[in-house]
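One chain, subunit A, appears in both complexes that follow, with subunit B as partner in the first and subunit C in the second.
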Partner chain A sequence: MVLKLVVWAILAFLLMPLVIIVLFSFHASPSLSFPFAGFSLRWYAEVLGNAQLGSALVKSLTVACFTALITLILGAAASLAWLRLGHRGRALLEVLCLTPIALPGLFVGVSLLVLFAQARIQLSTATIVISHVVLALPILIVAMRARLALFDPSLEEASRDLGASQMQTFGKVTLPLIAPTLIASAILAFAVSFDEFVVTSFVAGTETTLPMYIWSMMRRTVTPLINAISTLALVFSVAILFIAWLIGHLRRRSAVAGRTVS
Partner chain B sequence: MTIRAPVIEITAAQKMFGSFQALSDINLSIEQGEIVTLLGPSGCGKTTLMRLLAGFEAVTAGTIRIDGKDCAGQPPERRPVNMVFQRYALFPHLDVFENVAFGLKVKGTPKAEIRERVQRMLHIVQLDSFANRYINELSGGQSQRVALARALVNGPKVLLLDEPLAALDLKIRQHMLVEMKRIHAETGATFVYVTHDQDEAMILSDRVVLMEKGRIVQVDRPETMYAAPKSLFAAKFLGETNLFEAAMASDDASGMTAVTGSGLRFHSSIVPAGELRGKAIVSIRPESFRFNRDNDTTQSATGQVEDVIFIGSRSFYTICLADGVRARVQVQRSTRTSLPKPGEKAEIFWDSENVVILPGS
Partner chain C sequence: MKAPRSSMGSLLAAPAVLYMVVFFVVPSLILFVYSFWTAASYKIVPDFVFSNYLNSLMSPLFWTVTINAILIGLVTASITLVLAIPVGYYLVYVSRSQVILYLILITWFSSYLVRIYAWRTLLGTSGVLNTILIQAGIVDTPVGVFLFSRFAVAITLIHIYLPFCILLVVSSLSEIRKDIVDAARDLGASPLGAFFRVIAPNAASGLVGAFMLTFVMVAGDYVTPQMLGGSSGQTTGLLIADQFRKTGNWPLGAAQAFLMFLVSIVIYLAVMGIGRATGLVVKRRPARKAGG
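So, the complex of A and B:
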C-alpha cells in the first residue's frame, strides 16, 4: 500500500511538469498560474509567427541532424570495431569514452573554443556541429555498448560459412542486426544536440540555436511562448520514436507478405 | 555399396595461438558419407580442428585437403562445407524460410529453385508449417532443425556440427540423435561431429576420433574403442571402468598376464597398442564381471560385498577384493539367479577378452 503510494508520488513528480506545461501552452491568458482562464492557440500562433524563433529552430534542427548523421557514421564504425575487439581493447575504449562524459561542459566549451582559435577555424554552424559530435559520440558509444555486447559474433561466421563474402555479411547480417541500435543511438545524438546549451554558447559565434534563443528570451521575461515551444518539442520527439517503431513494424510485415503472395 | 573416397585429408596439421599449441601433429582422413565424431574433454582442440575445416582459422603448419583440393587460404565462403553452430547462430532478423534460403540467395540461385529446395529441406527436418515463424518463436529442438536445414540445403560435401545438442535438454537430445541419423541417411552427406559427450559419440559415429591436449590419441569404431582402448585416457573417457595397478608377469602366445600387488592375476587376450613392460594398469568394464561361472571361465577372485546400488534394470556392486582393491560390478536384473547381499562373500568371474592391459606410469 505504502509502496503503491510512493510509486504514484514519483510518477506524479515526474509527469506533473509535463502536464502543466502542455496545459498552459493552450492557456488563453498570459498568466502562468491557476485559475485556468480557458483554451486558446494564441501562443502557438505567436511561435509560428516569430521569425527569429523560426530561424533559431531551423538552425537547431540543422545542427542536430548533422550531428546525428556524423555521430551515426562514426558510431557505426566504432561499434564494428567494438565487436571485433577483445576484452582489453573494449576496456580501453570504455575509459576513453567515459572520460569526456565526466568532464564539465564549461571545460569542454573553453577547450573547444581555444582549439578552434589555435587552428584559426571561424566560429560557425560547423563548429557547433563539431562540438556537438564531441559531446554526443561518447554518450552514443556507451549507449550502444550494452546492446552490442549481445551481438553474437557467430552470426557473422554463419553468414560466411553459408557463402556470403565479407561485404555481403555486413549488408545482410551485421547491419540489419545493429540497425535498430544505430537508429536509437542517432535519435539520442539528435536529442543531445538539440537542447545543448553550455558548450554551444562558447562555440556558436554569431549563430543562435533554439536553446540559446529561448534563454535570451527568458532573460527579459518569462513568457507563455516557452510552454508552446516546449510542447512542440515534446510532440516532435514522441513522433520520431513512433516513426522509428513503425518502420521496424512495417518492414517485418512486408517481408512475410512479399513471400506468401509470390 | 558406394565407392568410398576420402573427402577430408588432414596431414601433419598444427595450430598455434600465440605460444599456445592448440593442435599438434593431426593426421586424419575422412571418407565420403561417414559420420565421424571428434570426441574429447573441453580444451582438447576438437573445436579448433573443426574451425580449421570450416575456414575460420588457418593451420600453422600442415595441409588440409577437402574434396581433393588443398584449402590453404580459402575463405569459409568458398569451401564446400557448412556448419551447424553450437548455439545455432540463426539470424534473428530473418524468419525460418529466409534463414534456410540464406546460403542459396547469396549464391544467386533462381527464386523458384530456392523455394523448392528450401521447402524440401524443411520437409526433411519436419518443419513444413514453420516457414514464416521468427527464430525467437521456436523451441530449442526446432531451432536445432532449422540450423541443420540451413546448412544442409546448400548440399555441402561435409556437414560440420559443433556440439549441436549441448544446448538441449536430455529428452530432446536423445530424440535429435535419432533424427540426426535419419537426416544423415536421407541426405548422404559426410558428418563431422564435435562433442564432449561419449554417449552421443557412440550412438552416432561410424568412427570416433578421440582427442586429448591437442592430439589425436585414438581413431576407431566406437565398439572397438570401448572394448580395446589404447590408452588409460581412452579407457577412462569412454564409459566406466575398473582400473587395477599391476606389474607385467608373462607374455606368451595366448596373451599377457599382469599381477597386482595383492596377488590378483589378470590374463588378457587383447593385442596391446604398444610394448608392455614393468608397471601396468589393468582395465575391466563393470559389466565384464559376473557372479556366475561360465564353462570356460578361468579367471576369478573372491571378495566381500561392500555396497549395492539398485538402478531398475541394473545393479552396481562394490566388491572389496583385497586391502584397497575394489571392483565395481554391473549386473542385469534377473529373477533367476540369486545375487549376493551386502556383507556377504562373493566370487566374481571374468574372461580374458574383456581384460585390457595398459602401460602403467
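So, the complex of A and C:
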C-alpha cells in the first residue's frame, strides 16, 4: 500500500539522524564518516570523566524535579477546578494556557527576563524553575483537559451522598481516578524542563544546565563526545516515555474499573 | 448545590491562574511597556516614544531578516504540514498503530539541540552524506552547500517540528467521524479524492491551525538558523535575542518582538483569507451540523 510506504519513509526520515548519532557514539575513531572503524566505548568513558558535564546534569535534574513538582501541585488543583468550573472559568484557563504554548520560546524567555530585571530578582536556579513551570503547566493542563472530559462527576456526587466529606471525596474518589494521568503529565513536565534550552538561555544567569552545556560544546567544536552525551540523553527520553506509557496502562485499568463502578 | 461547586472550583483554579498571570501575562505587559522606552548607554530609561518601532521598520536589516524568517517559516511549515497529513491520516483512519505513535513521540522528545547537532553531522563537508556521495562516485569533492544554507535550515526545522505537527493533525482529524470518510470511499472516491473533498474541508480550520502553530514555532526558532544557516541564518529571532544578550538595547528588542508577533497575525489572516477565497476553509458551523 502506497500510504503505508509513505508513512514509513517519513518515519525513517525522523529516526535516521538519531540512529546515526547513536551509531557514531560507539565509533572507535573521532571521524564522523563511513567506513566504520569499529566499536569502542572511549567517548562514554570521557563523558563519565567530565566533571563539568556531571554538574550540568545534576543542575538539570534538580531543575526538572522542582519543575515537575510545582507543575504537579498547581496542575492537580487546576484539574480538580476544571471539573467544577463553568464555561467562562474554563475559557479563561484555556486562554491562559494556550497562549504561551502558541508563542515562540523566545517571546516567553525575553518577557521573563524583563520581569526579573524589573523586579530586581537575581537570575539563579530558582528563576530557571519559575520559567520552566510557565512552559510546563499549560502543557499539563491541556493534557489533563482531554482526560477530564471522560471523568464522570456522578462518582463524586455518589461519594458525597454516601456521607463522605468534601476532603474525603477528593482523597478517596477524585484523586485516585485522575492520579495516573496527573503523574504521567508531571513526567511530561519533567521531560520538557530537562530538554528546555531557549527560555533557559535568557533566565539562567551564570547557571549551566545540560542543554546549555551541550550548546557551548556545539559552538566550540564538532566533538564525538556530543554523540555520546546525545545518546545518553536519548536513552533518558525513551526511559521517561516508557515510564509514562507504563503509568498510562495503569490509568487505563483504573479507568475501566471506574466504568464498571459507574 | 451549583454555587458552592463553582466557588470551590475558582478557589482550586486560583493558584494556577495566579501563577500564569504573574509569570506570563505581567511579563508580556512589561515587555510591551518596555517597547516604548529608550536605552541610552546601557541604561534603560522609562519614556513613551515610538522610535523603537519606527527605527526597526525603517531599518533595511530588520526587513531583510524578517523576510528571511517569514520565507523559512512559510516554506518549512508548508512542507511539514504536507508530510504530517499522510501520517496523521494513517494514524486516524487506517491503523491506530501504537508503534508508529511511540516512534513519533520518541523523536519529539529527543533533545532539540541533539537533533540540530545530528543534522550538522549529517550535512557537513566531512559528514555522513558527503562521504556516502563520494564513495558512491556521485561527486568528486565534498558538497559544501549542504551545510550553512537555507536547505540545511529547512530540513532541520522540518525534522524538529514534524512530530509536533503530526500530533496537531491527528487531533484535528480525530474530530471527523470515520463514517463520512467510509461513505465517500463507498461512493467511489479515491483516497486522495476522499481527502480533498471530504476531510480537508471539514478539518480545514484544524489544519490551518496546525500550519500556523508550526509557522510561529519555525519562524521564531533562531537557534537552528544560527547553527546551520551560515550567512543566511540571520532571522528576526536572532536579532531580538542578540538585543537582549549582546547589544543590550532591550526596548528595541521588545519592539521587534511585538513586530514579529504582529507579522504572525498578519500571516494568519492572509492564510485564512486565501483559504476562504479558494473555498478550502468553510465556516465551521454548517460543516458540524452536516457531520452530526
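Quick note on the criterion: the second predicted complex is superposed on the first by the 239 of 262 C-alpha atoms of A that agree within 3 Å, B and C clash if a C-alpha of one lies under 4 Å from a C-alpha of the other, contacts with A are read in each partner's own complex, and residues count from 1 in each chain.
Going forward, a residue touches a chain if its C-beta (ideal position, glycine included) is under 8 Å from a C-beta of that chain, and two chains touch if they have at least 3 such contacts.
From a predicted model like this one, the values you see are computed outputs, not experimental measurements.
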Per the overlay, which chain contacts more subunit A residues, subunit B or subunit C? C
For A:Ile10, is the partner it touches subunit B (first), subunit C (second), both, or none of the two (neither)? second
First (subunit B), second (subunit C), both or neither: which does A:Leu150 touch? neither
Answer with first, second, both or neither: which of subunit B and subunit C does A:Leu115 touch in the superposed model? second
Is A:Asp161 contacted by the first partner subunit B, the second partner subunit C, both or neither? first
Would you sort A:Pro176 into first (subunit B), second (subunit C), both or neither based on which partner it touches? first
Between subunit B and subunit C, whom does A:Ala81 touch in the aligned arrangement: first, second, both, or neither? second
Would you check which partner chain A:Val134 touches, where first means subunit B only, second means subunit C only, and both and neither mean what they say? second
Considering only touches as defined above, state whether A:Ser230 meets subunit B (first), subunit C (second), both or neither. second
Where on subunit A do subunit B and subunit C both make contact? none
Would you pull the subunit B residues touching subunit A in the complex into a rising list? 54-56, 75-77, 81-83, 85-87, 89-93, 95, 97-98, 102-103, 106-107, 111, 132, 150-151, 154
Complex contact set, residues of subunit C against subunit A: 5-6, 8-13, 15-17, 19-21, 23-28, 30-31, 34, 83, 86-87, 89-90, 94, 100, 102-107, 109-122, 124, 126-128, 130-132, 135, 159, 162-163, 191, 213, 216-217, 219-223, 227, 237, 240-241, 244-245, 250, 253-254, 257, 261
Would you pull the subunit A residues touching subunit B in the complex into a rising list? 152, 154-155, 157-165, 168, 172-173, 176-177, 255-256, 259-260, 262
Please output the residues of subunit A touching subunit C within their complex, sorted ascending. 3-4, 6-7, 10-11, 13-15, 17-18, 20-21, 24, 31-34, 73-75, 77-78, 80-86, 89, 92-93, 96-97, 99-100, 102-108, 110-115, 117-118, 130-131, 133-134, 137-138, 141, 166, 191, 195, 197-198, 201-202, 211, 214-215, 218, 222, 226-227, 230, 233-234, 237-238, 240-241, 245
